[in-house]
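Note that the chains are named A, B, C and D in the order they appear, and that numbering of residues resets to 1 at the start of each chain.
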């Protein structure tokens, strides 16, 4: 039988007990709906602690909602959003950004999931010419979809470039915690301090049940976001339950502990895998993802016991994700299977 | 100090303990994300028990999402959706239906929140003429935003009319449970049996934390809904937690017990209010809402202690909602205050 | 056989000879496409002569395009546009404003096609509340779809109200020329001088072949309009041919002569009709439209010889339009037929 | 002074005299607006002569409108349109396809402007997975934006591939006439006979003033197109003037004569250019475009006398277009200038 535990995605995990506890505590009597309550105020205060006093924070239901509405708040439909070919907004949101922000995505090759200013510069030839969508936002994922991480200086270079050219920088931080844990920096160091304009801050992949946050580092950008959120079908009526989760996540370093643990498990897996013949790591392991190529015929054999995704059919490249609740035992069992398959002459 | 307990809305209440319990039980290890898990399968089975074996069910995050995506699945942008002026989709969704389905709403006067075929017929003159948005869907709320309820026959008349003219019937059932409880019928009696095509079935206002369902009574209408849901930013990754809530809500008649209780509390309030001088009920009380006009100067005095909404500024009409956790004590205290204000010569 | 000449609409007429002549003259060699040519510059200069030196002008293909893109330039999708129930944008554009601007229309009863500030005021209760689309634009038609005309003071009252409340005033001037001719004022008097923010200025209904103009009276509103126009599929490549038409229309008072003639013909028709038993005028005749009720059984008999539209099936109300090329003979023949039908005991 | 004649684009030319003549002839009295007239019927009949009796034809204002509305009629917003990176819909429509059809474009590298089934196949891995936009349409340009032409067999391979996989084939035929002229085939041979589903047939670049046609080869696809066209702001009221132009273009082989002439002029230019040192042709010349790289410093010198576009700044690649009215003298003078610049030691 297939193992319950999986390396398919960090959202196959459940909810961290402290976060579930916070939900239970918030379930106490009546509060005003739609965020005008003390739980939401407390959560916003927590965000300001971590990201800076001046941030504006809006909670939404999910990650696609956070990304799309964040982008919509920065753009008009004749704008373009520049991103990596591998970006979640390009690959995994069923066209929601184009559909709802109405914008064009201009994608750049990004073998390791990262983009840089040099790649973006040629796109600026379009500026001012009405036949072309107008570049307005650079969107980066931190950590990236390939498990890599931008250093603070790399981000700063992008935001400087953006601001020099009248563009804005959007960060998809569905796994921002993993990046900060890897770099050993604060959340602020790689967002506000690095010049980011708008951030999707993810909770669900790091131990929450549901709920993401759109964080604005410049108040002028969020002026009408409450309308965008409501019209964008992302306003939760019983908001306190998202808020309480975030307060727990951002307290006592839970966000970092969860992320660091997941990262560590990925590194453990990567280290073990790198010694297995015929399996080859394809990306640096800087967060909670391990990418590897392996003989095509291994895949179904391994998948009989563990569910995971083939990332690139053509290259027979797979992705294994760890999560806050992955155990060393999970890794050990999985590695044993890998070794067995690799040694079995499949 | 303002009372914690309020009559502002049924979503100022928290989560029913049985539903919170179900969430906790579902927090057990890993399951595949996005709904391919046994919790979701169980919830879908529960829906089929209540609504018929042939229904297709999709869970989404919230009520606006349920309505808008349901409507989008039934329409092309050149279509029009016919609804009451008072409909939530017309008044309380910040233009999301027009914005996201791209359709026009054609609204009908509805003093009690209900519409009928006679009102819709003249709109059919537009059919086939390219200058006019093409009527395609009739959307009704059950129970209505005015607290009234369509009888099964009234719904049948609307669905018959719709189908005779090539239209579809959409039901906003954010408070469907209250309607079924009031009528003493099954959920099926006023949906599938009455010819409804697509239903938003609400959980949040009836004791859930978050999550609504889009229920299709005709499989051909839902064929591509999974793409609409994902692109519409309403696909929850940790789907099991919405599913588990619905399973609890639809088990052991919890949905009906919660709704019937709220209805009963509304009736209690209405009965008491009807005897207070200068406060006049304006709608039949058939679910968990009480509408009343009262002297304009009463409002701020009462609002000092209880938060609620003025429904119609011009008429000084207010709305008081009860919920699954409203107590007889809540009603008593509130009525006492009303009496005091009414007697005080404010 | 049905008469070639009709009273169905002013766009059943052809092109005024002077305008056709201007097109021919513009067909001379190569010019840069998309409006960067001397014909376009000359037409813009003509607009500035008539509307004020500060106006920004953009030519588009048609009237729906002019209205929808003008509105889009003034709004975000969470905004609402307030207009008369009878407005072309509400009734005759197949939902294009909602679909493309993404906004909600808030409609007001307008028996004579006109709206006023008193009606709009209650809608402002929605301002700031995220559940409601936010009123942002008031759109009026001049002359109205009912053939009536706002006086300069009526417009000023609306624009003052709008600006006092942070709203903008959009004018659908598909038949602005007819209004100016009726009032005996300049185009400026009822637009820039009256505080209008954005105008759709119509050419097609007043003797042009195709082409409308979006006129901005405040440069800050048009900043990105060239992108909106291109993305909105309204950028003509061989722009000079729209421009040349407008230059001709705005020269030697052609716009006023055409409109005044059409108005005069409508008045002639109205005068004659008012003496025919059982036919009753239902609107003041202030432009080139005549509205009348008549016995239902007259309609098919008259339509055998003249094509026109029944405006309101229920009331048996019809609309007869005159155009720049309607002749006194046309009126005479038509009136004779009406008399014959009215006297025939049909 | 800059030469009036240019090689910037085929839409810098004016209107062919026969087409202008047809417009004048159509300016005769009243006809019903919006296409219910004999001129439109005649034009549709002409299309059926050329494309097959079963085609449905709708006239629109411009090329972007034709492409975007054609694509919209084939897709739902969760679909993707596969096209060449160089496609007009990807590069030159300011994001209109994404914005208005709501779809994602999936672009393929296409050094010569052409794509093939082998490139598309890997994109089909996305089919059925809700996280990814669903490939539904393959869009090709004929002739391509790089001046190359698909042979009938190349098109057939694409349409066969498309239909085998449940996709549809859209053709941007803004310059279809040039392709047919180059291949020496009928319009039908490379559209209906080759399995194309929907075609944008261009008139403006081939001697018309304005107006394009959306041609459906399968009636089931056009069922609601009249609503899409109206809502898409592309319904011309005085339709007869677009229709009359198309009738003229499709009569007496005018479409082919114009296109063949432009093609011949391009070939003349290419032949001459190929002998000029330091200027290098970069594409096969199969229609009316000549692409060439030349020393960067040549560009401003040539542009002092002739307006044209630099196609690729990085490569210093330029595009020169010929049109129906380009003369051998035009070519000679331009080539002389090129030679002078090339020999001048700039």
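Note that a residue touches a chain if its C-beta (ideal position, glycine included) is under 8 Å from a C-beta of that chain, and two chains touch if they have at least 3 such contacts.
Predicted model only: the values in this text are computed from it and were never measured.
Participant: Moving only to chains each one touches, count the minimum steps from chain B until you reach chain D.
Facilitator: The fewest touching-chain steps linking chain B to chain D number 1.
Participant: Compute the centre of every chain as the mean of its C-alpha atoms, then state which one is farthest from the centre of chain C.
Facilitator: Relative to chain C, the chain whose C-alpha centre sits farthest away is A.
Participant: So which one's got more C-beta contacts, B-C or A-C?
Facilitator: More C-beta contacts join the chains of B-C.
Participant: List the centre-to-centre spacing of chain B and chain C in whole Å, with centres computed as mean CA coordinates.
Facilitator: Roughly 41 Å, centre to centre.
Participant: Please work out the Cα centroid separation of chain C and chain D, and write it as a whole number of Å.
Facilitator: Computed from C-alpha means, the inter-chain centre distance equals 33 Å.
Participant: In whole angstrom, how far does the Cα centroid of chain A sit from the Cα centroid of chain C?
Facilitator: Comparing mean C-alpha positions, chain C is 50 Å from chain A.
Participant: Multi-chain contacts in chain A: which residues touch at least two other chains?
Facilitator: Residues 77-78, 93-95, 99, 130-131, 133-134, 227, 230-231, 235 of chain A touch two or more partner chains.
Participant: Quick check: in the complex, which residue numbers of chain C touch chain A?
Facilitator: So the residues of chain C in touch with chain A come to 34, 76-78, 130-131, 133-134, 224, 226-231, 235.
Participant: If we count contacts the way the header does, which residues on chain B are in touch with chain C in the complex?
Facilitator: Residues in contact with chain C: 77-80, 91-95, 98-99, 102-105, 122, 125, 130-134, 313-314.
Participant: In their complex, what parts of chain C are in touch with chain D?
Facilitator: 4-6, 8-9, 11-15, 20, 23-24, 26-33, 61-65, 68-69, 93-96, 99-100, 204-205, 209-210, 227, 230-238, 241, 307, 325
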